[in-house]
Amino acid sequence: MATKANSVPIPTVIEVDPFVPAEKQKGIHNRWHPDIPPVATVKPGDVFKVQCVDWTGAQIGNNDSSDDIKDVDLTKVHNLSGPVAIEGAEPGDCLVVDILDVQPFDKMPWGYTGIFELENGGGLFAKEFKSRAAKAIWDFHGVYASSRHIPGVRFAGVSHPGLIGTAPSQELLDTWNTREGALIAKHPGAVPAVAFPPEPVGAYVGQDLPDYIRAKVYKEGARTIPGREHGGNCDIKNLSKGSRCYFPVFIKGANLSVGDLHFSQGDGEMSFCGAIEMAGIITFSCSIIKNGIEKFALKQPIFLPSPVDPMYSAKLIFEGISVDYHGDGTQYNMDATVAYKQAALNAIAYLQKLGYTRQQAYLLLSAAPVESHVGAIVDSPNACVTLALPIGIFEDDILPREDGLVAKSRGQCAIRTDGLVDS
Amino acid sequence: MATKANSVPIPTVIEVDPFVPAEKQKGIHNRWHPDIPPVATVKPGDVFKVQCVDWTGAQIGNNDSSDDIKDVDLTKVHNLSGPVAIEGAEPGDCLVVDILDVQPFDKMPWGYTGIFELENGGGLFAKEFKSRAAKAIWDFHGVYASSRHIPGVRFAGVSHPGLIGTAPSQELLDTWNTREGALIAKHPGAVPAVAFPPEPVGAYVGQDLPDYIRAKVYKEGARTIPGREHGGNCDIKNLSKGSRCYFPVFIKGANLSVGDLHFSQGDGEMSFCGAIEMAGIITFSCSIIKNGIEKFALKQPIFLPSPVDPMYSAKLIFEGISVDYHGDGTQYNMDATVAYKQAALNAIAYLQKLGYTRQQAYLLLSAAPVESHVGAIVDSPNACVTLALPIGIFEDDILPREDGLVAKSRGQCAIRTDGLVDS
Amino acid sequence: MATKANSVPIPTVIEVDPFVPAEKQKGIHNRWHPDIPPVATVKPGDVFKVQCVDWTGAQIGNNDSSDDIKDVDLTKVHNLSGPVAIEGAEPGDCLVVDILDVQPFDKMPWGYTGIFELENGGGLFAKEFKSRAAKAIWDFHGVYASSRHIPGVRFAGVSHPGLIGTAPSQELLDTWNTREGALIAKHPGAVPAVAFPPEPVGAYVGQDLPDYIRAKVYKEGARTIPGREHGGNCDIKNLSKGSRCYFPVFIKGANLSVGDLHFSQGDGEMSFCGAIEMAGIITFSCSIIKNGIEKFALKQPIFLPSPVDPMYSAKLIFEGISVDYHGDGTQYNMDATVAYKQAALNAIAYLQKLGYTRQQAYLLLSAAPVESHVGAIVDSPNACVTLALPIGIFEDDILPREDGLVAKSRGQCAIRTDGLVDS
Amino acid sequence: MATKANSVPIPTVIEVDPFVPAEKQKGIHNRWHPDIPPVATVKPGDVFKVQCVDWTGAQIGNNDSSDDIKDVDLTKVHNLSGPVAIEGAEPGDCLVVDILDVQPFDKMPWGYTGIFELENGGGLFAKEFKSRAAKAIWDFHGVYASSRHIPGVRFAGVSHPGLIGTAPSQELLDTWNTREGALIAKHPGAVPAVAFPPEPVGAYVGQDLPDYIRAKVYKEGARTIPGREHGGNCDIKNLSKGSRCYFPVFIKGANLSVGDLHFSQGDGEMSFCGAIEMAGIITFSCSIIKNGIEKFALKQPIFLPSPVDPMYSAKLIFEGISVDYHGDGTQYNMDATVAYKQAALNAIAYLQKLGYTRQQAYLLLSAAPVESHVGAIVDSPNACVTLALPIGIFEDDILPREDGLVAKSRGQCAIRTDGLVDS
């Protein structure tokens, strides 16, 4: 008969508490550096779990004010669990990582999406909207999320880690710091900043370390904001549970770290903290392909997506081109980022016709399983980007009808205590 | 019993011959201008067919040399069929267009994909590759295309019009010319050009017109290269047969024009003439929603995609970030175009490991039903874009395997008679 | 440039006229027999087209009366185009058939779905409903069909041949006649008949044949109604354009025949003539795997479905079990056919709540891309079968709502001139 | 910040231990009867969890012998958790049940699929194979299952409750017992039995009950083997996490019960215990539509499937017709069950060519996300049923190739200690 004896739970190699500030916990770090030692080691073929705090490390609460977003300390992000070393991995190899599952904690069945202040975090439209903090809390009910702050929608999550990667070598780290430093130097005083140099303030490695190593890591460690050649903060929603990833290995052991779990995210994650951010548990299995970087011309991770993502086949699709027609009408040259923005602004304007506030629409497009394709990128001067809104996530019919759209009163998302919203 | 009497074929409102140069045919035009009169008028609800030459107007042949690509006359493109007026459409309305079918001519069951010369047409990697003309001829076998120039692949087409749009008003046309002129002025002598001003040379309207109107159209008419607010050359592969589109109407009658039919295209259409270009027949039905621009906040077309596109669920996905790591390593600031390029270059390098030449890989990624998503566009300074290659289009197994990839000899695509290829 | 010279249309090996009675045309036959000589021969790898009349051979008209259905001569069906021999095919081989396309004739852009009389053709509910002839005419608009007889729906076709197969050997033919004869003998005088023995009346082979062969074929030839080991009238909607099929070969040349083209069909094709029946053109390519019957344990065809079928992901699913709860309440023993019937009757009752007549609902479920799964077939005594109705084919919202369903007046399908309908 | 205070876990209304025999636990019952009182009551809109033992109540172990399957006590099945009453539900209403999630216990990350003895449980081929007990243990790794007993496959689960339903009224229960009794009476001594009458031996209700009620329930309570009008053991794999179901309500409170959780199942669940059986946790939310039975003509549940099932688009499809060509060649009359069997036997024969034993193939087809469609059910005398095998679940290429199939040695599943297998 079924017995406990023959039922071995999958081991958890890193445990955290989602209600405790990250900087008080073991097994967490928030900078990339080759000298951060592994906190756990696994063998190829092992199945194991890693627990993660939310990316801010418990700074954001389940409540109806966005003050915590306004005041978030971004020197402390992203909080990653790891590194986990894989036995036998060596520079030049390919680390095959199966993302077997991504789940929230039972004890924390909620997540959040935030619009950050122009001066603290920003987001795609930080300047255009003069962003003021806003947020939506999402409740998780099994495979679905819904929000008291954005009524009328419910959708199945494409859960995934926003941030996952191997540790850089010292040489690669130096390359990052050099090239990003050059960009920063070209845009002094930019708000929001164009990039983030190493920053000892807020840096954290939840391990006992010799002081000189800790100092080196804090001084040189790359910030976790952007994705890079090792993976990192790619925020690819398709990297979901069930996916297989191929990472380049830069140092012995590979040193895999993960965090920034998302219950769901739209392509682009436009509001910066645009996914449904959550704390949770990720299940992995790893193997190694020797000399894989050469075998697969691996400049950056490649992956096989999961067979189990939600299928919302009916969609309403918005286009954008590289003309700032929502702004001053400037013509840009084949700029897919500008085109993405116009498509998003078209979708936001449409959702406002249905009664959503601009803040709600911005949050919704960031968090829902929205798809954005690069339509064309060769028709000078206009790149064309599309944004596809799944119709099935709405309770109401949102299709364009003869009689126009029905605007309902849909309240507002969580805003600042002082009532300020973007403008 | 079944009789001819009760079987009424769908009427064809514009007929063309795909083997005759476009400038010798009626019902074709190659510039956008409000003063081009409609060549046909339909009622809302009518189903009708429009025949189209290929976008170059028969300049490219089914042969094994790319000299025709090298020497293509781009002042003569794109050759559009139309305009077709829809009774009752007025400025401010929304024109609903059902794209009911897109088929090649029975008598011309082939198409082509081209890499254009750096100095004549270019393409996404025109500069990086110093592009020299190359092409692949694709044979159509029912729903599938295959090419003697790119062996080992066969795929079902997502057939669609690369170019479709309503006529601009004079005011909108002036806006286009002004903003694009400003961009050109900022990049004098750029190769490839950043944009294309009105160009009387090569301009064509296949109608009897008063001289002063013809002169005005040729002088002011917008080039058809970029997509714009009215639709136009959006090259959105999802605008496929079975789709419903909502266009803004800018002039009385709406004046719909269409051309640049594609048997298949990858997201991005990277090699410029990257789709499988074909001549063919498109079937439409139109209706009007009064005052639709206001009702739907319609700055640019929106659409509902077709339920009948190919479903290739297994994919291999490449990433790119806004660092030119395939080139000089420069760090760009949130530039999705740069990120798209890196993802594409990663995919090209991978395909080369399988034995495809760089030219073949470039053409294949342009033409096959490849999907490109904007992963994340908020993680400064790196936008992240993905490119997904459907595994099912390959005869061989292309997955990353322990033993590496098997490079087969796969010949070469059609190149210039003088043997020059890009470098 | 593009020229006619290098553009070779795909050859048509059998031509027919959809408006001429089948028995007056060449290249058509309506019985299965090994002695019917091929009317065309192709080589492995050739791409070729075959034209087909509708299954009745032009007996049904595009009009608003079902009298032609009532009086249809079923001794003359199904009218197949062929046989086509494939060079090199021998008994024991596997014939690989790519179904590259299935299209209606341009000159006949319509099809029909019929409910047959209890005494002439029947259908799944012939007895339950005491069926009287009814029909719906469907107009084809590109990828879509809609019907003036069933308003409020429009759907993309999963076009396919209802009937396709290789010729039986004499031995296999004898087996068929023996086993079906035994079944008939067990159910003397059944209405509708349980099976159909060879029937010289109405038999037809559109070739010049020696009298003794014609007599043999007419006397022994198997009727085309059921599917059998060689394929035949399987009515599998997934055998659609883009599919690859593997047929066992029983005689030299394989002798492939095809007909009964369907623009669309629901799983089960419940009203017998339940698909959208059409005349049209099918495009093939064939190859041979030597000794394939042994290699693949090939008792009956296997196939790879097309990647291009419509994707209607949102569905409303009805269940049925093997209890005749719509009738006399009898408990059957693991009978999936009874279970299928209950699921269908549940769906019909639901559609009637929306205002469709029972005849319209029966026709719609037969013709639309409805999916029927065998849920469970081991839970004695109740098999469980489901029927999934795609929501996206309806203009109105058909989901179960708090307020119930909205019944609209939706007219009626074509019925008999004398006004009789089933009861 | 994130705090425990504002994070309320979803409440569990029934708790069980998967390692303790079901008949020693509260909140479990294994017969259907209106007089079983609810063990929990929820309000419309509440989200709640229900824990379930596996269907046998811990009789089957994670080991390499099938003796536990051989000796399973089937008088004790299925063990259901419930009933749960929903406030306000009354006879005639429709109970809307959202299945929000289905997960195994963390502490029991495995399940099993069994072939039962001909004389004890049977299965679809119990007679044909003279079935002897066999089983496969499946390990769960996040969304995937794999088995040491069936090497070379791995697939994502379509997790669902095999058994879910509302309680019958006394009248409905009487109808069941009457009609099934009549069937049993017609097949005296059948092995396997055609149906199962009420059976006091093994009956269980895990509540404190007055003796007379317990006696009545045990004497009259319907067995849980078949699905019926209230739902029950429908074993519909598409009733997966994310689905919405509409159940008829027969008694006050509706009294929902659930059990027989499946990690995955193929359409048909052919080996009887053919799903991957597991203990686990299901998350629900319920609401009520007053008078829904009348509103929706609700003879049996209807449902909306989940958007999140695995998408394996590439499939190999086998056909079967209602001729027992794998057995004695008998011709059946439109019998979809016979047709399903032939399709399954064709698939099993194919898998054996790849080196799987017949037992492994039988188990695999039962457990994997195989799809079975009713192709045609009107082509007398042959119903046609298909079985689609997803290619992506196999590590090796299983497509039909020129060179035939590669048979690998794949061991054997768990069999009886005495070594007996079916024959």
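All chains are identified by letter, namely A, B, C and D, in their written order; residue positions are counted from 1 within each chain.
Simple rule for what comes next: a residue touches a chain if its C-beta (ideal position, glycine included) is under 8 Å from a C-beta of that chain, and two chains touch if they have at least 3 such contacts.
Remember, predicted model here, so these are calculated numbers, not experimental data.
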Touching chain A and also chain B, the following chains: C, D
Result of counting contacting C-beta pairs for C-D and A-D, higher pair: C-D
Longest centre-to-centre distance from chain C, chain (CA-based): A
Approximate Å spacing (C-alpha centroids) for the pair chain A, chain D: 38
Chain centre separation in whole Å, for chain C relative to chain A (CA means): 50
Separation of chain C from chain D, taking each centre as the mean of its C-alpha atoms, in whole Å: 32
Two or more partner chains touched - positions in chain C: 307, 311-314, 392
Chain C partner contacts - residues on chain D that touch it in the complex: 94, 96, 122-124, 175, 179-180, 182-183, 187, 192-196, 225-229, 233-238, 246, 267-272, 274, 289, 291-292, 295-297, 299-305, 307, 313-321, 323, 325-326, 329-337, 340, 342, 345-346, 349-350, 352-353, 371-386, 388, 399-402, 404-405
Residues of chain B defined as touching chain C within the complex: 1-4, 6-10, 18-19, 21, 47, 54, 58-63, 68, 98-101, 106-110, 141-144, 156, 241-242, 279, 283, 285, 306-312, 392
Footprint of chain D on chain B - complex, ascending: 311-314, 392, 397
